[in-house]
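Paired with chain B in one complex and with chain C in the other, chain A is shared by the two complexes that follow.
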Partner chain A sequence: MKVLPVILRPAPAPWRAPVLDRRHGLFLALGLVLAVGAAEAQGAAAAHPSVLATLWRWTPLLMEGFVFNIAISLLAMAIGTVMGVLLGLGQVAPSAALRRVAWFLTQFFRNAPWLVLLFFAMFLLPFEVRVGGVTIPLPGWLKATIGFSLPVMANTAEIVRGAIQSIPFGQWEAAESLAFSRRRTLWMIILPQCVKRMLPPWMNLYSLVTMATVLASVVGVTEMLTLVSEVHAAEGGRAELLAPLYGYALICFFLYCYPIGRLTVHLERRFQVRI
Partner chain B sequence: MNPAPPLLSVRDVHKKFGDVEVLKGVSFDVRRGEVICIIGPSGSGKSTILRCINALVPIDSGSILVDGQEVNDPKLDKLALRRKVGMVFQQYNLFPHKTALQNVMMAPIHVLKQDKAEVEARAYRLMKKVRLEGKEQSYPGELSGGQQQRVAIARSLAMNPEIILFDEVTAALDPETVKEVLVTIRELAEDGMTCVLVTHEMGFAREVGDHIYFTDRGVIVEHGAPKEFFAQAQDPRTRQFLDQIL
Partner chain C sequence: MEGFYDWFRWLYDATGINLTIIYDAFDRKRMISGFWMTVRLCLICIALSVAIGVVGAWLQGSRLKWTRRGVQTFIALFRDTPPLVQIYFFYFGLGALLPRVENAYGIPEPVLTNVQWAVLSLSLFAGAFNVEIFRSGIEAVPKATVEAAEALGYSRLRAYIHVVLPLAFRICLPALNNNIVNLVKTTTLAYAIAVPEMLYVAKQIWSDATNVPEMMVFLLLAYVFLVGWVVWVMGRIERALKVPGIGL
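Entry: the complex of A and B
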């Protein structure tokens, strides 16, 4: 039998943003158990209190730090989303000048390293601002939050622009022929259809922001990672405590971000079938 | 014969997309209550004519008068024009996130600011008129193509337009659902609605059309009353087209 030289190349799988999955959690938990076990063994020899007891003792403080990370992520997400939606709408505005400015801002902040933006926010923003006669202090954590909101803004803008442009042009034409104004078409017909498409990538973005908040430790914000290193110092800087303490922080972030990742995948699947 | 001025008057309309001249001087009149059908090969500018009439596409030169209102006017009140001119599309273009009834109600409530209860009652009547009683709460995705197209017709009627433009409204439909949409359009015509149809349904054009226009490469080659047009078209281009289709 003659075999025709047909080369069947599998279609390239669509690129997917990396998502936390259950295996990662298993690895983390396993790593933590091993680290705790090893530290336990060494600690027993040197008559230190047990590692678990140490972790437990510091848990209230570390949780305070973790809640702070969550607060920063939520606030950065809120600010960034509001600005990002405006910027995304700017990218599809009728005015060419507005479109260009919005495009430039989006590209600029989307292609800058988050840590660099964070440094810029920390060192360029004043420590207080005067609005009218009122002085509003800008503590470090708030500046960091603003720093994180910049990449959120740019990424949200891209999500919004992509979603708007994915709506078939016929929807605009139909609305136009029914005497809808451009603005009303956008708010009543186009954007409601976009929400579904925007939700999964937007939630993914939120996960990334949450995990990035630990960068704030670099610029001196007292969040979880800063506290972890302070706790380690307070415990005498014992090397065997490093892995359990940082592993503890990892687990906290995993437990928070994993469900978000699962929900994102779930929504993606559900919306895929519907449209 | 008819002393009233035409409801729609298209005069020497030219339109270019880039270097391609799509309309090269198109003229025709439509009187109130008339049904005209525009036929012709694809790419002959049929859909563009419709899009020019309700100002979805601006024209380069010429004049389009709708009920005395000049469309080719930079100060045109587009919203006022579109209240008079309804349009139904090949791809239905219903709003997928709204129910059939909401699709019909949206524009009268939000654009014309009419009373919601009154609009709702009218929307139910229109759904009945297009024979979709009981489908009011269905989403477009749950309806067949023919049903969606009839919702689109009801949606257009809800604005109480003077004239409705139909852009190949049966071209995307399964053969078995074409008929239900054509029945609806014929009923509208019988009610006295002024209609401009771009269509490939020759039988239907012959049956409901008061006047047939044949376009090719941006000009109206030939026109006439359906009987004469289909029986004794003169121009060779028309003949060739009809021979292929019929």
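Entry: the complex of A and C
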């Protein structure tokens, strides 16, 4: 298959459910056992409850935090995608001025660090907005969500632009010769083909957003990482508990993001562009 | 120079734009040291992560099953977990488990400082991505090239260093570029463990002078400048390494 890549295309690998291999489980368990064991060894002398029991006891609270993280990521992804598609379409607009503005916005928000954008949103957005006579409060988590949706917007815009430009230009011309208007060409011919190409990088982006949501703890939004440090304080602030607790958070995110990553790789292979 | 500073004082009085980092000697010094800390962090992490990528990609092509699996697990673990939690895990978690050493004054202090932990965890994070990038580059090197090197009596290691890697490096430069830009942006996370880099210094300054919008805009511009500089340097490297007939 390496010798004749042009003639023989390897069939796409059959879809395997994105489960963790046994070896990943093994390594994870090993890591946890090591961290727990080290903590256990130090805690045994002082007759503390076992580390695993502690983790188990706080699991409902920590899971609540984790679900909140997921909720933030989903909301940020939804807002960012809608704005990003508009911005991406703006980058291929017929108007040169619109193109330039869209390009600038995309580059600006793509090249700024996520954490800086988060600070930006937290400090510069008002804590409430007045629309007409109605006051809408903007709590911290909502501002953080908006902060996350800014880089999502810029990255989605790049994905959309790239996908649209990867469609051969002949299709635009063919549609034009069939008397499709520009808008109908875009909606009925170009974008449906783009969806397939946009899906893998878009999912990649989602897993990046999910992993970025923990940054909200830095600017004072209560989410999983904040809860982790609160749990640590509630357990008496024992230093040897920190590694298991943060390891626990790592594992939660790993279990959520790893299948997404595997699915992305699989889709990438399946949707590979054939020219 | 005093006239220049005075102009910014005048700007503050006239428009309310308070750029203490220019006219105030103390803030200026802080910001410059923060900037250099960010640059240092970037350069060290880039070097280490590229090294991790090169070594990891070599190990991934190993004949030993367990070596390959180990590398694979390393990549999966570091790619699919939040870098901030990684930093916390290393700094707070592992840092607490490590023994303390006594310094020259007899005061116990941690083995690794927060800067060293930040460098370590950021390098591992970016390195995990680099392994994948280098591996895809190595896979793109024609097999016949490796076979030709073998026929000339190269060992696996020497063929890797002298034949495969130089070609693979050129092929994967664009992807590497992307990852390095990402790394530059990720160095802001070191803020969370009080590494005095640009974001941390900016936060200190806006706490003192309450000039949040100005510092925010300055930070964004500074990072755009840094990222632009990195892209420019990488573009130069790409052009300097170009071999006619190789690559895209």
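Here, the second predicted complex is superposed on the first by the 243 of 275 C-alpha atoms of A that agree within 3 Å, B and C clash if a C-alpha of one lies under 4 Å from a C-alpha of the other, contacts with A are read in each partner's own complex, and residues count from 1 in each chain.
In this section, a residue touches a chain if its C-beta (ideal position, glycine included) is under 8 Å from a C-beta of that chain, and two chains touch if they have at least 3 such contacts.
Keep in mind that what you see is a predicted model, and the values were worked out from it rather than measured.
Once the two complexes are overlaid through chain A, chain B and chain C fit side by side, free of any clash as defined at the top of the document. By the touch criterion stated above, A:Phe123 is placed in contact with chain C alone, chain B being left untouched. Greater residue coverage of chain A by touch, when chain B is weighed against chain C, goes to C.
Contact with chain C, but none with chain B, is seen for A:Asn111 once the two complexes are overlaid on the shared chain. Using the contact criterion defined above for the overlaid structures, shared-chain residue A:Glu176 touches chain B, although it does not reach chain C.
Of the two partner chains, neither chain B nor chain C is touched by A:Trp103. Residue contacts after overlaying the shared chain place A:Tyr258 against chain C, while chain B stays out of touching range. Contacts of A:Met188 after superposition on the shared chain: chain B is touched, whereas chain C is not.
Taking every C-alpha atom of chain B against every C-alpha atom of chain C, the smallest gap after superposition is 25 Å.
By the touch criterion given at the top, residues 69, 72-73, 76-77, 79-86, 88-89, 92-94, 96-97, 143, 181, 185-189, 191-192, 199, 203, 212-213, 216, 219-220, 223-224, 227-228 of chain C touch chain A in their complex. For chain A in complex with chain C, the touching residues are 2, 23-24, 27-28, 35, 38-39, 108, 111-116, 119-120, 123-124, 207, 210-215, 217-218, 225, 239-240, 242-247, 249-250, 253-254, 257-258, 261. Of all residues in chain A, those touching chain B in their complex are 168, 170-171, 173-181, 184, 188-189, 192-193, 274-275.
Interface of chain B with chain A (complex): residues 54, 56, 78-79, 82-83, 85-87, 89, 91, 93-97, 106-107, 110-112, 141, 152, 155-156, 159.
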